[in-house]
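As structure tokens, here come the structures.
Here chain A shows up in two complexes: once beside chain B, once beside chain C.
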Partner chain A sequence: MTKEEVIEVIKRNIVENLDDVEADSIDATKSMKEYGANSLDMIEVVSTSMRELNIKIPRSELAELGNIDELADKFMEYINKG
Partner chain B sequence: MPDATDFSLADFHLNDNPNVLEPPADYLEWISDPDVRQAFTFFEQQLLTAPRTRSEILSNLDRERRPIINLTSYNYLGLSTHPEVLQAARETLDRYGLSASGAPLVSGTFDLHVELARRLAEFKQKDDCLLFSSGYGGNLGALQGMMRKGDVIAMDERSHKSVIDGATLSGARKVFFAHNDPEDLAAQLEKHRDRRILVVLEGVYSMDGDLCRLPELADVADEYGAGIYIDEAHSTLMFGENGRGVAEHFGMEDRIGVSYGTLSKSFGGVGGFICANARLINYLKGYSSAWNFSCSPSPPVVGGLIKALEVATRDSTLRDRLWTNTEYFRSRLDSMGLDTGDCESQVIPLIIGPSGEKLFRYATAMQKRGLFLQPIDYPAVPAHRRRFRISMSSQLEEEDMDRALNIIEDVIVRDRD
Partner chain C sequence: MNEEENRPVRWNLDDNGVAELIMCDRERNNLFTDSFIDAFLGALSEIEKERPICLLISGLPDVFSGGADKETLLDLCDGKIVVKDLEISERLVAAPFPIVSAMQGHAVGGGLVIGLCSDVMVLARESRYGAVFMNLGFTPGMGTTELLPMAFGPFIASEMMLGGRMFRGSELAERGVPVNAIVPKADVYRRARRIALQIADKPVDSVYLLKYTLSSEKRKRLIDARRNEDLMHRITFPMPETRRRISEQYNE
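Then we have the complex of A and B:
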């Protein structure tokens, strides 16, 4: 799976969990916060994306990430580890 | 790959087990790991006596009965075992029995409930009061009853779960602002200018023991025409010249729309309440489901609470003692160079840092030495600031505090040095 595909998965889950956000308008260099996500929304987006990607990353490792791109990098790390 | 101790309860919220009667499969694997099981032994340890500062527990560490100094229960003023409170509860029990046997609108309102609600409203200088059977239910029911889809509830990012769940149930948009940050609150409210907005604050934040910056945050709320709701669970009966809470402490009670309190902490009973204008309280009786659809608080508890309010407010003896003890304990912790964060209250965090291993090793050693001080782990607090949370009490004698401080020094300070 490519990083672009991972970003698509995250974007789709953002759209499903947040009001008034369209996938095309999401810039991966921004934080979900900028699209109106609160901390609970972010947990939902991350959990559903990880389920879809079949990976499990401890929440404590995700706390310091700043934007969607960094989240995708972290996901890729785990996807590549198998 | 990470090992089991890197995971926490934050990681298993989503349940994808096809069998809805079972937890997630990976949760069961995680919870069976020996290190995780060890950490979980600290949960649900049984107290064998009243939650006084000297108590006894059945330790989950080794199944031993162990006398302990109790710095974990939030019996801040010792009212749960005050002789006058217990006598009032006994008398009420004999007269009214154990249960109210009904929801408040139908048959669960006794003269006792009306009396406690009237006294609480008078104490908080509001028109009226609604009593809830649990503290969690109080925030849940008040917020669900007040706010609707299309509205906005702005909460501090460190808000209690009952506030978050009440906001979720209401259907309003949940907006979190950076802890105690008026500029961020303003930035968040700016995005929702045209909405009905409620700003929810806590007098004392329960994991850090710091106070809300009420003057600055209230100015922002006023600027945006938002209502102010303050949760004084850890401050009522303790802060302010008359013990009315942090709003009194700042001299700002008239700017608070809804004042919430719990009856299980300083009051020594169980339940919650909100005080507000009579029109809102009247409206909430029709729409606050946690109130409307719960059996009214148990009569002996209400009888005890009426007395507890009287005992705590007839003079300042209990809260003076609490503050003397808090100052003593905190200054000793500071002199040992321990990190107590931005604590300004009787809730004193003892911050250990990122190591879960240290947190549980210290907790085990302290308990075996006779100090009941429970570890607070991620996700309840940030992973890099795992801690113990010390609850001070007016009941503590200097001798108890010195013993507790010696144990903390032997276990934590010596390990650090």
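Then we have the complex of A and C:
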């Protein structure tokens, strides 16, 4: 799986979890907060995406991530670990 | 900050006969810590003495309540009996006055139960509501297994309890969850207060009588729920996976 595909998964889950956000308008260099996500919205987006990608990442490793792109990098790290 | 501002729960009574209980523990996000529960139950006792016509419960703008705290859950894993949070649902369901919950912020686990024990529930489109007990490995408590299906409908309740997903208010509205209102966050308090004032317009004795009658089903269901939930807790709290999940979940 490529990083672009991972970003697509995250974007799709953002659209499904937030009101009035379209996938095309999401910029991966930004934080989900900029699209109106609150803390529990972010937890839902991240946990649904992880389930879809079949990975499990401890919360402590996710806490310091600043934007969607960094989240995708973290996901890739675990996808490659297999 | 003075002592007044530090209190996790505050209350007041207005001239209309509406008492307000405000959960305002900013530091711990209205989690059910020991001191929070004492303050909550203490406020409830004081309010009962005043015989208000109606009680309006509200929380912080972002968090209504997050339910049990880590220490309490780990105590339960260790087999220590903690009955305090159970007392919250029992006391609310048995309250002599109607309760309106203005749930502007997120309400999770026991926090959601406060709403379920109310007579009127107003939710925010932007906030999330969840019965997340199973995410932590243990089965739902505080009466959730009976009160949630009764309030939200059996299928949504099953999805919330088994899947542990926190639903956005807007999604609950789309699914037709039959609470009193699911409105933009900014309107929640006003809407809830309007309903409380309509109730407060009636004679207090009539309101108390009707409340007692209307709540009889909930009181019965809570007793049933407690029996099953206590049994399930005796099995699910001692499981090593429960302890692991609780420790991980709260690991900031």
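By our rule, the second predicted complex is superposed on the first by the 82 of 82 C-alpha atoms of A that agree within 3 Å, B and C clash if a C-alpha of one lies under 4 Å from a C-alpha of the other, contacts with A are read in each partner's own complex, and residues count from 1 in each chain.
Here is the rule we use: contacts are C-beta pairs under 8 Å (C-beta built on N, C-alpha and C of every residue); 3 or more make two chains touch, one makes a residue touch a chain.
Because the structure is predicted, anything quoted here is derived from the model rather than measured.
**Student:** Classify the contacts of A:Ile79 with the two partner chains as first (chain B alone), second (chain C alone), both, or neither.
**Tutor:** In the superposed model, A:Ile79 contacts neither chain B nor chain C.
**Student:** Output check: A:Leu40 vs chain B and chain C. Expected answer is one of first, second, both, neither. What do you get?
**Tutor:** Once the two structures are laid over each other on A, A:Leu40 reaches both partners.
**Student:** With both structures fitted on chain A, tell me whether chain B or chain C touches more of chain A's residues.
**Tutor:** B
**Student:** Mind working out whether A:Val21 is in touch with chain B, chain C, both or neither, as first, second, both or neither?
**Tutor:** A:Val21 sits against neither chain B nor chain C.
**Student:** In the overlay, answer first, second, both or neither for which of chain B and chain C A:Ala63 touches.
**Tutor:** After superposition on chain A, A:Ala63 lies in contact with both partners, chain B and chain C.
**Student:** Thinking of the overlay built on chain A, is A:Arg51 touched by chain B (first), by chain C (second), by both, or by neither?
**Tutor:** Only chain B; A:Arg51 stays clear of chain C.
**Student:** Overlap of the chain B and chain C footprints on chain A, residue-wise?
**Tutor:** 19, 36, 38, 40, 43, 58-60, 63
**Student:** Under the definition above, what is the set of chain A residues touching chain B in their complex?
**Tutor:** Listed in rising order, the residues of chain A that touch chain B are 19, 36, 38-40, 43, 47-48, 51, 56-61, 63, 81.
**Student:** Chain C touches which residues of chain A in the complex?
**Tutor:** 17, 19, 36, 38, 40-41, 43-44, 58-60, 63
**Student:** Name, in rising order, each residue of chain B that touches chain A in their complex.
**Tutor:** Those in contact with chain A are residues 1-2, 6-8, 10-11, 13-14, 16, 26, 157, 164, 168, 173-176, 191, 378-379, 382-383.
**Student:** Quick one: which bits of chain C touch chain A in the complex? Just the residue numbers, please.
**Tutor:** For chain C paired with chain A, touching residues are 62, 106, 108, 125-128, 130, 165-166, 168, 170, 248-249, 251-252.
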